[in-house]
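What follows is chain A paired twice: with chain B in the first complex and chain C in the second.
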Partner chain A sequence: MLLEIKNLHVEVEDKKILNGLNLTIEKGQVAAIMGPNGSGKSTLSYVLAGKDAYNITEGDILLDGESILELAPDERAAKGIFLAFQYPVEVPGVATMTFLRTALNAQRKLRGEGEYSTPDFIKLVRETSAKLGVSQEHLRRAVNVGFSGGEKKRNEILQMAILQPRLAILDETDSGLDIDALKTVSEGVNRLRSSERSMIVITHYQRLLNYIVPDVVHVMSKGRVVKSGGKELALELEAKGYAQYTDEAA
Partner chain B sequence: MNAEVRAIKTSAEQALASAYEAARAALPGKGAVAALRDEAFKRFDAKGLPHRRVEEWKYTDLRALMRDALPLAAPADAAAKAKAKDAGKIFATLNCRRLVFIDGAFVPDLSDLTPERGLTVGSMADSLAKNDALIAAHVGKVFETDDAAVALNTSLMSDGAVIHVAAGTVLARPIHLVFASGETPSAAFIRSLIVVEKDAQAIIAESHESNASQVNCALELVIGDGAQVDYFKATQTRGLHVASLLLTVGAKAAFNTFALNSDASLVRNQSFVRFAGEGSTGGLRGVNLLRGKDHVDTTMLIDHAAGHCASREQFKSVLDGQSHNIFQGKIVVKPHAQKTDTKMMTRALLLSDEAEADNKPELEIFADDVVCGHGATAGALDPGLKFYLMSRGIDDKQAEALLIQAFIGETVEEIAHEGFREAIMRAALEWLETRG
Partner chain C sequence: MPAVQETVDRVRQIDVDQYKYGFVTDVESEKAPIGLSEDTVRYISAKKNEPAWMLEWRLEAFKRWLTMREPTWARVDYPKIDYQNAYYYSAPKKKPELSSLDEVDPQILETYKKLGIPLREQEMLAGVVRKDADGNVMPERRVAVDAVFDSVSVATTFKEELKRAGVIFMPMSEAIQEHPELVRKYLGSVVPTTDNFFATLNSAVFSDGSFVYVPPGVRCPMELSTYFRINEANTGQFERTLIIADKGAYVSYLEGCTAPMRDENQLHAAVVELVTHDDAEIKYSTVQNWYPGDADGKGGIFNFVTKRGDCRGKNSKISWTQVETGSAITWKYPSCILRGDGSRGEFYSIAISNGMQQVDSGTKMIHLGKNTTSRIISKGISAGKSNNTYRGLVTAHRKATNARNFTNCDSLLIGDQCGAHTVPYIEAKNSSAVFEHEASTSKISEDMLFYCRQRGMSAEEATALVVNGFVKDVLQQLPMEFAVEAQKLISISLEGSVG
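Let's turn to the complex of A and B:
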């Protein structure tokens, strides 16, 4: 297995968000995590990426059997963890190309790999962005500045395609997308599916899972995984809602 | 309100008084120039060094900061001249006409005096001695102020540059005034005069590099009708540096100033700018990079005395350690200066809890049909932005550097001249790289 989360307890400002969460992600697996608002889905994604301000009081997160709790976000990225943000931030003054290149070369350096040459890098970005419908003009602009919601999400998937993570966490990638943008983004994600890459797809609605079909579905409630099943579990949730699980967890 | 409280003279003030008394006869210029000095010294002597009760100097209390006055600089020796050849590196790649000054004194043999049509270049010491027409017309008259630092400069002004750009002349190369300092810390009173006549165009850059010296420099800059001037000033000092820009702009003219302070222990950059003719535009911008106990004070008085002029003031500071940045910007719009358009913005980025940024914008508007805006912010790096960059594999220091670069980049990008824009960004990046 690639990722193993064991009995994870997390607090933010003395408020318990995750309460003994257990989760295993196999290599090459696409796992959907669904759950009502406030169930701790986004907290889980931030904790995996290493954002501070989260206090881990108990438990562990293992990547390839090794704990990553002590690693800084950039070290986790170099180990192959990538978080596609629910709300990608705008970075005024930093051109998208500069950002992508700095990130890619920083990761390669941490892994002891050589830096990309300028022509190779430009070629890589051109090809990848064309597939995702990201224009050259967007690449010249500052990261996410003046981008629409859909363009920001597309930019996240572009970064993912350039950085080639082993574990991608997509945090509500569908939120704020119209149906066309949802299709483009999903196609981008599906192209990146491989036996070497695992994905955690966090979503509130079943809709996204019509496009990105998961291998397994986990339901989160009150900071724990309360049910796991196949992709049909998502359809059941869509029909019946989350009430049964919130009650069960109470 | 400026309270006139005269305390007993400090040792620095006493030293300045004896320095003036001793040097008076030997300073360049007799007659009208000597009278100008005497009158200025009387003004300085009455006020003393500026202190915190003088509103314009509230945050830079020279009386407290200047423990003593250093002796006036001696003529440059061979070692100082050898060192000065490498000074002004920041603008070295821009193919400028270099005019070199050591401790304020003009060094012709290190300067590029190749003749150029429409351009006259000389030393202030020579011009004062002759009290030629340009000096008589402008020195002490470009922007009259009772500021004590300017008065002190006028009393003790010893040398500097005198540049005249004739009407309609477009200078082929930028002029770079290279101010270097000798080994021995000393006091220098530098006065320059630059007159850019009607429809002429000039790019002027100043670089100041000094050790523990005390530098008081003043530039009187006259921009004629329809003229275009870009003025850059880069300052590095381990001592005290007080600079005054006295600027008058004619009609339908355009100017931009840009100041970079990096590794500057104690700097006061003050500007007195008057829009004297209609339809002109001016931009005053700058970036201050501070660490340790650096103290940089940018104070300006922008006098919109004629209508239909636009000015933009934009200053960014990055503060680390226990540094202190001050911005005081006062914009005055005179009653008849209708259709004035001004926008002033200052932003401070605090990298340390112990750093301090003071922002004081002031507007005095006496006309009714104007657009005047100002804004000021001070804050730390956004942790959300930093996390975003780090989550992509960029380490802590590099993420901060990228964000700082972006922060100052917004202002540096306003520089139209590509070479100067790149030179200033390069200098800023060097500062970032040496950040511990």
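Let's turn to the complex of A and C:
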């Protein structure tokens, strides 16, 4: 077991968002989390990554059996947690290449590993970006500035490929993508699937799961997981909608 | 190692409020009697063994100064300066004739070594392989240095080699002796002795500074630089720099400054004059790192500086680049008079304020000639409880047909106790002038920091990265060595600003 979330209660500005959520993710597992808007999916991703402003009132999050609640976002990143943002942030004036290198070396330093030498790093980025179809010109551009929706999402996957996390959380990676971009991004994600890497794929629609086929599907409603099943559960949701779960949880 | 990382490491090595260059050199000095009078002016002039015309010039300025009042329009607040309670001249005692560096006080040589400024040419040539931020070996580059310690120049390097190229690079005090015709022709021709309170004071009591003359058609074979160090307590530094690029000449000049940490404020009132003739170009870069005072605003340098360039000839160009991180008070507006038709002025600025620092800085672009163009890129970063003001004037004379200006002023706030202000003055007396002004104020957003931290960067690394991105347009204008230095300095200056 890589990740275990136990009875997690989270509030934002006194509003309860997560309400006794339980979830386990096995090593190498790809888990889809589906649910209606406002069910707490994005909150879950931010809480896992350690964003401020989320008040955890009860419960725990264990990575490799150890609580990560006290860890800063960068320490969690160094432990292998990666969040592909639903809305990637623009960082003006900072070339994507510089950003990648600063991030990778910062993580390696936190883990007590040596920094990448310049030639090794350049080689790594060239190879990785070529596989993902990311151009050299893209690497010179400032992070996410003036990127199209598809380029932003692809940039997230590029970062993931460079940082090689053990747990990748993809928050609504399909939002704002046309079908071609969706395919490209999904191919990138699939390439990164491995027995050493778990993924949490958060999505509102079943469409993404045609391309990134999950091992398990969890349905969230009102701040907890209300149903879990195989990949066919996603199809069932597509056909019947979320109404039955929102009613059950109520 | 990326510069960002190196910066953060260096920041960690120093405690909060530990200004890196705050040490004092113990060296015996010779000072003018305390206070300011006609006698002080005569004393300085006599010390320098100046010709009569120079003394007259100073005395006239002094008389004028007595009638002037200290300006109060800037957005800075400081206790009244007691001009009688300061020394106006301080020089390390030395043998009367210096024939080589070996005769410079070893303490002073040691000071510059500590500051990372090489004064021995052989040391500079000794080929330490330099690497840039990406680890690539950089081509060997040499920089000639004039080192000004308190009121006097203690060493100037590469003088002989420059002389062979026809370039004159020497302390102002020597230039007055050796090239009086050039000094008389140009001194005060850009910043007249009557210009403003601080410039007039400087004209009366200036002690040293650098003089550069690049003859027609010569491209100066190396970067020139002056390194200013205030050491003595209670002493003002009043240097005067004059750079002339004759027809078709080019020179790039760098200026750096530091001072010890002292509890009292010290006055620095410099004047810099630049002149470019037809098709000539001067690129002037400053990294200003005077002691900014402590976290409570005690001590620090009062920096009241007048810098102005005159694009006297056709198609000439003057470019100012400044990185301002130090000083308790900064009052500084490097400007361009675009007199020659087709001339161009540029101003690139990064002004950082932290703690209790107050910055009021900007530029003036005065379009007089036809088809003149100017460009202003200003990046202000405020942190702590500081105040940072951009003040800029762009004006087109009625004969300045087709004058063009582009101004971009961006302010970045770190924390919620600092202030950023933008005060643009725009006057066009010619209907064909096109002036563009863009301005923005932003805060380092929590989202941006979280994004960086999610990727593994600490709060300090993330801030350094974001700030370096913010100032990138300006950093690119600096010569490479300076750009790397400046990048480090920016992060050090922001130490303690991340909550």
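Everything below uses one rule, namely that the second predicted complex is superposed on the first by the 250 of 250 C-alpha atoms of A that agree within 3 Å, B and C clash if a C-alpha of one lies under 4 Å from a C-alpha of the other, contacts with A are read in each partner's own complex, and residues count from 1 in each chain.
By definition in this document, contacts are C-beta pairs under 8 Å (C-beta built on N, C-alpha and C of every residue); 3 or more make two chains touch, one makes a residue touch a chain.
Keep in mind it's a predicted model, so treat the numbers as computed, not measured.
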{"item": "First (chain B), second (chain C), both or neither touched by A:117", "value": "second"}
{"item": "Chain B versus chain C as contact partner of A:163, first or second or both or neither", "value": "both"}
{"item": "Which superposed partner A:13 touches (first chain B, second chain C, both, neither)", "value": "neither"}
{"item": "First (chain B), second (chain C), both or neither touched by A:137", "value": "neither"}
{"item": "Contacts of A:232 with chain B and chain C, given as first, second, both or neither", "value": "neither"}
{"item": "Chain A residues contacted in one complex by chain B, in the other by chain C", "value": "49-52, 72-74, 76-78, 82-83, 85, 88-89, 91-94, 98-99, 102-104, 106-107, 110, 142, 159, 163"}
{"item": "Interface residues, chain C side, partner chain A - complex", "value": "1-2, 4-5, 134-136, 445-448, 450-458, 461, 465-466, 468-473"}
{"item": "In the complex with chain B, residue positions of chain A that touch it", "value": "49-52, 72-74, 76-78, 82-83, 85, 88-89, 91-94, 98-99, 102-104, 106-107, 110, 142, 159, 163"}
{"item": "Interfacial residue positions of chain A with respect to chain C in the complex", "value": "49-52, 72-74, 76-78, 82-83, 85, 88-94, 98-99, 101-107, 109-110, 115, 117-118, 142, 159, 163"}
{"item": "Interfacial residue positions of chain B with respect to chain A in the complex", "value": "382-385, 387-396, 398-399, 402-403, 405-407, 409-410"}
